[in-house]
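Below is one structure; the comments refer to it alone.
Letters A, B, C and D name the chains as they come in the text, with residue numbers starting at 1 for each one.
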Amino acid sequence: MKKLVKGNEAVVIGALVAGCDAYFGYPITPASEIAHACAEYFLKLGKIFIQAECETASINMVFGASAAGLRVMTASSGPGISLKQEGVSFIAGCELPIVIADIVRAGPGLGNIGPEQGDYNQVVKGGGHGNYRCIVLAPNSVAEMYELTIQAFELADKYRIPVYVLADATLGQMMEPIDIVEIPTGTVGKEWKLDATSATNDNLHTSIFLDYDDLEDLILRLAAKYRSIEDNEAMAEVYLAEDAELVLTGYGITSRLLRTVVDRMRTEGHKVGMVRPKTLWPFPKQAYFEHVNPNAGFLVVELSLGQFAEDVRLALPLRKVDLLYRVGGNVPTEEEIFARTMECLVGRMQNAE
Amino acid sequence: MKKLVKGNEAVVIGALVAGCDAYFGYPITPASEIAHACAEYFLKLGKIFIQAECETASINMVFGASAAGLRVMTASSGPGISLKQEGVSFIAGCELPIVIADIVRAGPGLGNIGPEQGDYNQVVKGGGHGNYRCIVLAPNSVAEMYELTIQAFELADKYRIPVYVLADATLGQMMEPIDIVEIPTGTVGKEWKLDATSATNDNLHTSIFLDYDDLEDLILRLAAKYRSIEDNEAMAEVYLAEDAELVLTGYGITSRLLRTVVDRMRTEGHKVGMVRPKTLWPFPKQAYFEHVNPNAGFLVVELSLGQFAEDVRLALPLRKVDLLYRVGGNVPTEEEIFARTMECLVGRMQNAE
Amino acid sequence: MKKLVKGNEAVVIGALVAGCDAYFGYPITPASEIAHACAEYFLKLGKIFIQAECETASINMVFGASAAGLRVMTASSGPGISLKQEGVSFIAGCELPIVIADIVRAGPGLGNIGPEQGDYNQVVKGGGHGNYRCIVLAPNSVAEMYELTIQAFELADKYRIPVYVLADATLGQMMEPIDIVEIPTGTVGKEWKLDATSATNDNLHTSIFLDYDDLEDLILRLAAKYRSIEDNEAMAEVYLAEDAELVLTGYGITSRLLRTVVDRMRTEGHKVGMVRPKTLWPFPKQAYFEHVNPNAGFLVVELSLGQFAEDVRLALPLRKVDLLYRVGGNVPTEEEIFARTMECLVGRMQNAE
Amino acid sequence: MKKLVKGNEAVVIGALVAGCDAYFGYPITPASEIAHACAEYFLKLGKIFIQAECETASINMVFGASAAGLRVMTASSGPGISLKQEGVSFIAGCELPIVIADIVRAGPGLGNIGPEQGDYNQVVKGGGHGNYRCIVLAPNSVAEMYELTIQAFELADKYRIPVYVLADATLGQMMEPIDIVEIPTGTVGKEWKLDATSATNDNLHTSIFLDYDDLEDLILRLAAKYRSIEDNEAMAEVYLAEDAELVLTGYGITSRLLRTVVDRMRTEGHKVGMVRPKTLWPFPKQAYFEHVNPNAGFLVVELSLGQFAEDVRLALPLRKVDLLYRVGGNVPTEEEIFARTMECLVGRMQNAE
């Protein structure tokens, strides 16, 4: 069934298609439509929707529901995501699967509801305490808001790990048609669940390990799991990069602009390509090498002060990596990106002489 | 006056010497002695001490007191630091000075109270939302717990920025003598304060900027401030690195072990040195080049899964950087570090052949 | 359908038969089985059950749900009922119908979970602020726990008023068969509801009236409503009182003992009867006159320090009213009541001489 | 020292003169000036002032501080007093001394900040759960706001009981001179305190008694204490009642009007007097008999729906008791009271014929 929906609604429909059983959250623009849509759809389908008393309550409800074996999600934006960080660390430490949509607003503090990518470090490097990781998916269309949310639930269960769907107000408000498949009924069986039945009594979920060796064992097991995710789950889109002199790289909403610029550059005869991570963690390092001209320069375009560029530089220690950013809700115009791209190309030629 | 104190108490005495007016916090091991000492000392000196109802309350009390022109601090450990992240982002967005002591426990989740460095990404890369930075100081002795806390208040006021003092249970419990100078009376005057007097009525502190350009202006001003801090405030200790074949690098409690290993290596005729960051942000990149053998290899030793190593690698994109870690409350023994150091040295020789 | 149930469960079944749509509460012994049974039955029937984060939250959820037109209830015991008093006053001021089961524990403070009637003043005279009244029903059997709960919902809707069902641990735990009629589906239509549809937009529910005359109008309207309730809804059981020399009076669990004593007294030839209020507010004053010997003396038996006796004395200003009480979870034995009854009878005879 | 102050400020000065050590509260009109004045005076004098996060927190802070041996108070109005009822019951059950100022607003619910006496039942009959009592003092002038607050602390300590000072917005805002005596320094010694020193380790304060007999012992001890208070602490002002045909009775702000009416009546040759309770619990029953014409009729004037009249009727079961009330913030005018008084006098004459 085709339906024209906003990105935020697409997340909710994706959750339903993925068999999500419960939503707990506290509304905050520009993520509020997710709560609104859940309130409407979840209750109609006999699923659980609770608007919690606060962000910390909502992440702990998510925590409990996940431990009880439900597929469960929450959504928020910057300030709310910050308040959830203790919970996320606990959930990661208990190896429980949850999905969090972060519809990023401009920050820090209250900021405004304009598009930004300033939560990158928080969700990718770990806003909470201790050694843990979350998978971070970065859609750049309404279709991907839908598809990557479905995938988020699969990855969360496969690895028993928190998974973020990271978007922004523009993607959340944008309307595009999505192709809705059937919504399953019933709950996915999870043999590790702890749901107040005697059969599950021994399924303890804890993050407290008073013995140092026990905790180290857990963390090393986590580390091995994280390596496995890095080896198997990184995703990126590589576009016209094989012969590119310059590769533009960005994720989410900016990647739509980059592609437009690449096309225009190509029309004008400039060898420009693009690498777009679809997973921010695991960071798709390989995508910057395969089908990419080994001599290319890179221009990072992001809506934050170089947070994403740091990971690009870590992936490409030997390459020149330039950076263009706008922040505060502002997005670089196609002209700005085009001009900066030309500048980088000219700089390369001059260096080459 | 010389006094033999625990590291956690040294933080409190440092705060008093720095003219700290108020402490708001919620107790959590292994940071609790900070609250206990504040309860005792602050009230006796007519200063403000409140055990708040929760971590989120305490960071918001700190927020308000800072806006009112007080020198103010809080302290916590992992889970509590996570809960404070929303507040920290708001405070950074309002450009207000505060000091936070994070006596790191082993995580993620509840973990245990053993020493770890798993909060590195949280405090250094930004656990909260949006584009902001906090200065992070990393003492490795009781004397530095004291001195760097004093410096934390100076830096916080100089740049109007949150400053972390990052330590762990071992440093917090360790006893060493410190040299206490006079505790000042009165409050440091701050012309930007907003303290319910008509004279300060116009001193608005806010992080909400509905106009995108206004918020971008703030963030660019923050970015310029952050560059200035990177240029001027990075601190590190470089030890016997000028001729070193291998440079050990680590911070906080691990650096004490590294120095022991360096001394032993030197005794045995091996050219091994150390670089120890005293500021984690700004990261002291220069320290890895000045007075350091340009051909040296590096061995990072940390109590986390390579969080610190990432910054070392960003600083040294062209060098070989090895990593040794223990986690969960465990600390590598001198023998482990020694053995791994020898391994790296042997590896270098074989590669050189 | 006959079913053998505990009193607490009977309350829940009564609520369902009355068409209750939603339950919000926070568990506390000896009322916890009500929450447990609601959790089980309500969710199965597609009704709303939420264990709120605290008592104040639960009464405010009840408040909102009632305003939205749902039939709604909560349950608690002493400390929880106290915490709800602000909400109850607000709900009464908004003239909204709710049902509250108070399974009284022994107090004050934490006390214990033994049977007591110490919440009498709180629920009958008004534990909250301002001029308002709640209807209070006092069952003395499992059947009445069931029937009076059904009636509580009817009265709540009829008068748009909070209605208490007042019982205690003994009644809550006692098992007796009840006769369950069909549970209706759908929600009772309420033309005054405010449920986020445009049709109900103008249905304002408020207790704030800044103009003194407006508030006085409300309170006088309330007063008239309360008089109407006093005139029409008082209920009592009068037993063998027409020729009684002495009338025992008590409510709830004590009335079961009183009836036993009356029967035994009659067997032994003593003219003793009983008046048992089934509504505590409105207080059934008339029941103390109709079918009651106008020269009878009265003996109040209660599980509180004369709280109930005060209302009996107000109803019978010209009569001798004695009082026997036990408190703290203790209940007077049949022997104690018998002995005291004899004492009163003997006293009457001596006075008559 | 004479000072012209508002009634609300007089409460605070009274508290200081009584040696109050600490204030915990949450502001609400029309009681807010009490918090404001405490914030100013208490901190200057090195005493404790905390604006708590909510009403329930503030009463529990009061609870703890009292247990620790401090003289402590809080203040609020209707909704806040309701939220404190759980705490008050716990404090009464632990037999701890506290003082609460209730500056009554018009209710129920939010109501408005006009004068009313609708909290009578709540504070006099017991808004909380279980068998307990609070002493209730009812000043009718700024001087009494001051003096009765001092007395409140004395009574609280003498009987280890919560004591209310019950006033309203008019008394709170009215300005009159008071005569301030010296403010003591130091804390009143209490041998039963539990203050974290080993000497007080065994001073347990609890309201939980799992054994029914133990709780009954407590409640009977409380009952004996309450009788002693009834016997010794009732206070009233009796004015020109010895020969009165009609006695007006009211408390607090209404009693000022009554006295004016009595004086005017006397000028016009009518034998009218007044009884004004200064304690609402214990209710000064005796005052209605001593120096009062035994044949007098009574007219109750109150700002509530007969809550106070009920206690008058309980005290005077054999007399005619009429009632005049206004509510919602409205106060009866002198003319209204005068007219109603005349009506009652005429009624008496007609009945006498």
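Quick note on the criterion: a contact is a pair of C-beta atoms (placed from the backbone, for glycine too) under 8 Å apart; a residue touches a chain by one contact, two chains touch by 3 or more.
Computed from a predicted model, the values in this text were never measured in an experiment.
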Q. Quick one: which chain's Cα centre is the longest way from chain A's?
A. D
Q.
Taking the mean of the C-alpha atoms as each chain's centre, how many Å separate chain C from chain D?
A. 29
Q: Would you kindly tell me how far, in whole Å, the mean C-alpha position of chain D lies from that of chain B?
A: 54
Q: Report the inter-chain centroid distance for chain B and chain C in whole angstrom, where each centroid is the mean of the CA atoms.
A: 60
Q) Using the touch rule from the top of the page, what residues of chain C touch 2 or more other chains? A) none
Q.
Can you give me every chain pair that touches, using the contact definition above?
A. A-B, A-C, B-D, C-D
Q: Spell out the part of chain C that touches chain A in their complex, as residue ranges.
A: 46, 50, 53, 57
Q | Of chain B, residues touching chain A in the complex | A | 56, 77-83, 85-86, 88-94, 104-112, 114, 116, 118-119, 121-122, 125-132, 206-220, 223, 226, 304-305, 307, 310, 313-314, 317-318, 326-330
